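Notes to accompany the following structure.
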Amino acid sequence: MIIILKPNITEEQIQHIEDRIKKLGLKPVLSKGIERSLIGVIGEEDKLRITPLEAIEGVEKVMAVLKPYKLASRDFKRESSVIEIKNVKVGGKSLAIIAGPCSVESIDLLSKVGHLIKESGANILRGGAFKPRTSPYSFQGLKYLKEVGLKEDLPIVTEVMNIKQIAMVDKYADAFQIGARNMQNFDLLKEVGKTKKPVVLKRGMSATIKDLLMSAEYILSEGNMNVILCERGIRTFEDATRNTLDLSAVAVIKQLSHLPVIVDPSHATGKWELVAPMSLAAIAAGCDGLMIEVHTNPEEALSDGSQSLKPKKFDELMKMTKKIAEAVGRSV
Amino acid sequence: MIIILKPNITEEQIQHIEDRIKKLGLKPVLSKGIERSLIGVIGEEDKLRITPLEAIEGVEKVMAVLKPYKLASRDFKRESSVIEIKNVKVGGKSLAIIAGPCSVESIDLLSKVGHLIKESGANILRGGAFKPRTSPYSFQGLKYLKEVGLKEDLPIVTEVMNIKQIAMVDKYADAFQIGARNMQNFDLLKEVGKTKKPVVLKRGMSATIKDLLMSAEYILSEGNMNVILCERGIRTFEDATRNTLDLSAVAVIKQLSHLPVIVDPSHATGKWELVAPMSLAAIAAGCDGLMIEVHTNPEEALSDGSQSLKPKKFDELMKMTKKIAEAVGRSV
Amino acid sequence: MIIILKPNITEEQIQHIEDRIKKLGLKPVLSKGIERSLIGVIGEEDKLRITPLEAIEGVEKVMAVLKPYKLASRDFKRESSVIEIKNVKVGGKSLAIIAGPCSVESIDLLSKVGHLIKESGANILRGGAFKPRTSPYSFQGLKYLKEVGLKEDLPIVTEVMNIKQIAMVDKYADAFQIGARNMQNFDLLKEVGKTKKPVVLKRGMSATIKDLLMSAEYILSEGNMNVILCERGIRTFEDATRNTLDLSAVAVIKQLSHLPVIVDPSHATGKWELVAPMSLAAIAAGCDGLMIEVHTNPEEALSDGSQSLKPKKFDELMKMTKKIAEAVGRSV
Amino acid sequence: MIIILKPNITEEQIQHIEDRIKKLGLKPVLSKGIERSLIGVIGEEDKLRITPLEAIEGVEKVMAVLKPYKLASRDFKRESSVIEIKNVKVGGKSLAIIAGPCSVESIDLLSKVGHLIKESGANILRGGAFKPRTSPYSFQGLKYLKEVGLKEDLPIVTEVMNIKQIAMVDKYADAFQIGARNMQNFDLLKEVGKTKKPVVLKRGMSATIKDLLMSAEYILSEGNMNVILCERGIRTFEDATRNTLDLSAVAVIKQLSHLPVIVDPSHATGKWELVAPMSLAAIAAGCDGLMIEVHTNPEEALSDGSQSLKPKKFDELMKMTKKIAEAVGRSV
C-alpha cells in the first residue's frame, strides 16, 4: 500500500501516520519527493484494510498495490479451475449450456422445456422456484425441477434468494445461483460458502469486475471453492437493451481469475432477438458456458417473456454455438 | 397503454393482439397510420402488466401512458405527506436531521456521539446494528441505540437487512431503514409494509427514480403509508466521489410523489470534506432532511471512517444548515 | 406523436395544444381516458420536432411513435447496404479488416506495418495523420498513407477532425473517419455528407445507438449514402477497460438500420491483450468488419501504445478471425 | 510514478524497464516485495507521460503519484482565482449570473430578454450565435449580442464552435464559451488559450472532473489563465432528467483547483421546472455563478424550449438566489 501525502503535510502528521502503521505491525518507508512525499507500507496489506487511512489529515490518497481479493486471483492459482455441477464440467474444453424457463410455472411447462432443451444439446436445467412475482408454494418449483432433472438426466441450478432457503435448495438442486441483486448480500455469500455445492454468482448490475471478484472471495474464504462467475449486463445510459452486456468482462476475468465465467444474454439484453448473436459472441470471447431462458409460450410467461427463446429458436442457436465453439477450440 | 406495430405486421397478427387484449377484459382501439399503425388499450392498465406484449410478433414497442406506481404518486395524493418518526415530523416545514455513527461500535461511542449531535441540533439518531463487517452479537447494537435514544430523547432509525431481523428491530427502533442494496428486495419491502413503522427507503445505486418509486409502492401497497425516500448517490463513471449524488432527484421526486425525501451525503460522496457543501445543497434543492455520519474518531472507525464527520465539524455544519433552511422557508 | 396530458389540464390548455398542432398542418385527435387523456397527432411527425411541445403547460410527456431518423432506418431500406471503399466491399459476405498504427509517426513505421498487415490479411490501411498530440506538419501523414496504400494496394481511411481538413483528406484518402469526439459535430457531418466518399462514423462514448443513427442521418440527408457505423465502446462505471465495448449494439443496429457496422476493439478496451477476444466476439455478434491498431514497437508509440498489437499478434488474430468468420457464414 | 510489476516478471524484464526510465533522465528505485515488486520513478513525471509503460511486458499497472494537470491545480496556486469578464468578477464574493436565450433567434427576442434579465439582476448576457440547427448568417447573432450587451451594459458570452470562429467571436464577445461537445477539442482549446479572453469551459457529458481539469490545462498552458469551469450534467442511466447534474463536482473542483466554477442547470436537467431548485442547490454547494436559459416564449423557441425559463420565473428565481447566496456568505 502506498500513501500519498498532501504537499503541506507537517512533520507531526507524518509521525502520526507512521505510528499508526507501526501499531498494526507493519513497516512504513517514507520517500520524500519534490512535489509529493509518500509512505510505502511493507507487510501484510490486509491489516490496513480495516483502518480508514484516508480519514487521517495530511493524507491525499491511498493506493493499493495488491488486489483486494486473493483466493479468486490467478496469482493464487495459475491454472483455470474446472467445477463440476453433478456430472457436468464447467471451465474445461466443453461448454456448459444452462437453459430453462425464468420461473417454474408448472410441471407441464418444465417437462416440455426440459425435454426440448436436452434434445437440442443443453446440459444443465435452470428455473426460478422462488420468483418474487409468483407464489413459492403453489407450484412446488423445487420438486418439479428435481423431477424433470432426473427424468432428463440434467443437473439443475436454481436461485437461492435468502439464507432461509439454503437448506431446502441444497436438498433439491445441484448448484446454487446467487442473483445479481444479491451479489453483495454478504451473509448469503458466506452461508453458501459453508456448503460444498457449486455456486453460480451473477454480477450485480452496478458492480465492477473487481466487486464481483471480491464477492466471490466471500464464498471462497468460507471453504467452498466451486464458484462460477456469470456476466449478465451492467446498467449504463444505453436503453436499446435492458442492460449492456459487458463481454470484455469475460476476457478480463480470464486474466485476473482462475474461476470459470459464463454469460447470460437473456437477462442482459432483455430481448429474445438479441440472445442468439450475443450467445455466439460470448463463446468467441472465451466464456465457459451460457445461461439462456427458454419458454414454450413466451407471450404468456409469468415473467420475462420478452427475453425468452422458443424451443425452436433455441435449437437453431445450439447448432450455431457448436460451430463457434469449434472455431475457438471448444465444444458444446 | 399504446402498442406500436411493426410496419410489416399482418392482419392476422393484429387480430391476435386484439384478441389477447379483449381476453383481459380490455378494449383495443386500432389506429392506422401511414408509417406505423398502433393499438390503444382502454381499461385498467394493470391487467396488461403481467402479459409480456413485446414478446408477440409484429409488436415494435409498448408504451405505457400511466406511471408504473400509483399510491406513491402525486396524482394519487396531491398534498405532501408528513410522516412521524416518534415525535419528529418528516416532510413538514422543519427538517429531519438524522445523525450518528455508521456502526454501533460501542456504548461509549454511541453515548458520546448521541449526546453531541443532540446538542448540535440533530433530532434523530442513526446507527447500524447489523453491519456485515462486524459481529452482530458482540456489542448489542439495538439495545445501545434504544438506551441512548431514550437518554437523549432522540427517536432512532436503524437498518433492517433481512426478514428475520424485522421483529427485533421493530421492538427497539422507531423507524426501519432499508439499505440501497436491498431496495429491490421485494420480500423485505412487503414485510416492512405489513408493519406500521416509518421506513426510510434508500435508493439503490443503479436504480432510477422510477425504480425507487416502484419499490416504495411495494411497501405502500401492504398498507404502510409511512415511507420516506432517501437519495444517496448513483453509480456513474465519475470516480472523484464514491457515487454521484443526484440532487435533481430531490426536485423530480417532489413533482412525482407526495412522499418526503431526505438526502445522505455521507454515503453518496464517501468523503467527509464533501458532506457539508452537499448537505447545504440538498436543503436548497428542497429535501426534507439529511442523514449524516458522525464519529468521534473517524480514523479508527470500524467502517466508513473516511466519510464520517467529527462532532465539531457536524456542529459547524448544523449552524450553516439553519441559515440555508431559513433561506428556503424551512427550519432546522 | 402522442401527447400525454396532465390529469389537471384545463379545457383551455387542451384547446391551445390543438391549435398549435393544427397551425403546423397536422391533425390532433383527442382521446379522453379515466386517469389520463391524450392527443394523437396525425400527419408528418417531422413538423413537430421543431416545436418543444413539452414546454406547453398541461403537457406531461410527448412520446414519439416514429424513430427520429429515417434514411438510416431499415424501414427505409430493407436490404443491408454494401459500401465500397475503393475496391473493398463493406457490408457484404466478406469482412473489412482495417488495421494500422494510431498515428502515422514515420514513413518507416507505416511501410513496415502496412506491409505486414497486408500479408496477414488486412484489406484496408488506417492511420491518424492529424493526431492532436503530434505536429501535423512534421511528418506529412497523408502523403505517407497514400504512398504506402498504393504500394501495398490497400485503400486508406483516416480521420478528419474539422471542416478545414476535408478537402485535403478527400484528395488523399479513400474514406473519411469521424472520431468519437466529433460524432455530434453536425457541421462536420454535413460537410462530409456533401462528398461522395465513404465515411466511417464512430460512436461517441456517451452516445446511445439512437444518437449514432441520428448522426448518420445528418450525413445521409446531404446525399452521401456511404456511411459505415463503428462501435468503439461507451463510458460506464467499469474501469477495468478504458470503455465498455457494447457488442449488443452490433445486433441492435442490424435490426434498426441497413448500414454496415464495424467494431474497434483497440480503442474500446485500451489494452492489447483484450483486442483478440473482442475481435472474435465482434465477428460472432455479426459485425461487418474490424478496426485494429497495429504498431511494430508499442512501447515507443507516440500514442495509444498500450492498446496496439504487434504484427505477430495481429497475424495470429487474423488466423482466428478466419475461423470465426466461417462459423458465421462470412469470410476474411 | 509507481510501476507495479507482475509476480512472474523476469530479471531481464526489470532491467529493460529500468533502462527505459534512465534513458528518459529519470531514476528508477526498485522495491522488492513478497507478493509484488515495484519501481518508483524519481524525477519529472512529465517525461513519462509520452511513453506507454503499460505496453511493456511484465508491467501490471502504472500509478501516477502526481495529478495529470499542474497549472489548474490548487497546489500550483493556493488562493482562488478571480476572473473578470469585462467588469464582472467571477470567483469572488459576488456571484456571476449569466442568462439569455439558447439561440439568438432575433434582435427582438434578444432585446426583450436582455432587458428583463438585467432588471432581475443578471450580470452577463449569453446567447448562441452559431447554433447548429439554425443558419448562422440569417440573423447576425454576434452583432445583436454586442448591440444588446452595450445597451443593457451586460458583458456577453457566446459559444465558439471551431477555430475559424475564434477571431470573429473575439471581436464581438467578452468571453468565449467552449461547449460540452468540444471539451476535448484540443485544437480549439489551444487556440482560445492564445487569446487573453476569459473562457467558460463546459464539462463534457462523459468527462470526469479530472478530464475537465486536463482540458483546462490545455488553455492555461498557452498562457490564458482566465478559465472558468462549468458543470452542466453528466450522462448516466437516470432518464428523468436529460443529464445528471453533478453538484459534488463543484465542491471537488474547489478542493482540486483554484479556478472558478459555475453551474448550468438548464442544460443539465433539460426541464424548466427543475432549474430553480438546482440553481439554489448549486449556490449552496459553493459555485461562483449560474448560467441559465431564459426565453420569452419557450414553446416557440428554435431550440431547447423545454428547459428555458420565462422572464417572470427567472425573476422569482433571482429573488431566491439572493437569499441563498447570503446564507453562504456570498451575494448576487
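Points to keep in mind about this one:
Note that the chains are named A, B, C and D in the order they appear, and that numbering of residues resets to 1 at the start of each chain.
By our rule, contacts are C-beta pairs under 8 Å (C-beta built on N, C-alpha and C of every residue); 3 or more make two chains touch, one makes a residue touch a chain.
Nothing here was measured: the structure is a model prediction, and the numbers come from that model.
Distance from the centre of chain D peaks at A, each centre being the average of the chain's Cα atoms.
When the C-beta contacts at B-C and at B-D are tallied, the pair with the greater total is B-D.
Distance between chain B and chain D, defined via averaged C-alpha coordinates, is recorded as 32 Å.
Measuring from the averaged C-alpha position of chain A to that of chain B gives a distance of 27 Å. Centres computed as Cα averages put chain B at a distance of 39 Å from chain C. In chain A, 206, 235-237, 239 are the positions where the chain touches two or more neighbouring chains simultaneously. By the touch criterion given at the top, residues 20, 50-56, 132, 161-164, 181, 184-187, 204-206, 235, 271-272, 298-302, 304-306, 308 of chain B touch chain A in their complex.
Across the complex, chain B meets chain C through its residues 2, 4, 7, 29, 31, 33, 35-36, 38, 40, 42, 63, 65-66, 75, 235-237, 239.
Residues 206, 208-210, 234, 236-241, 244-252, 254-255, 268-269, 273-274, 277-278, 280-286, 320, 323-324, 326-328 of chain D are the ones touching chain B in the complex.
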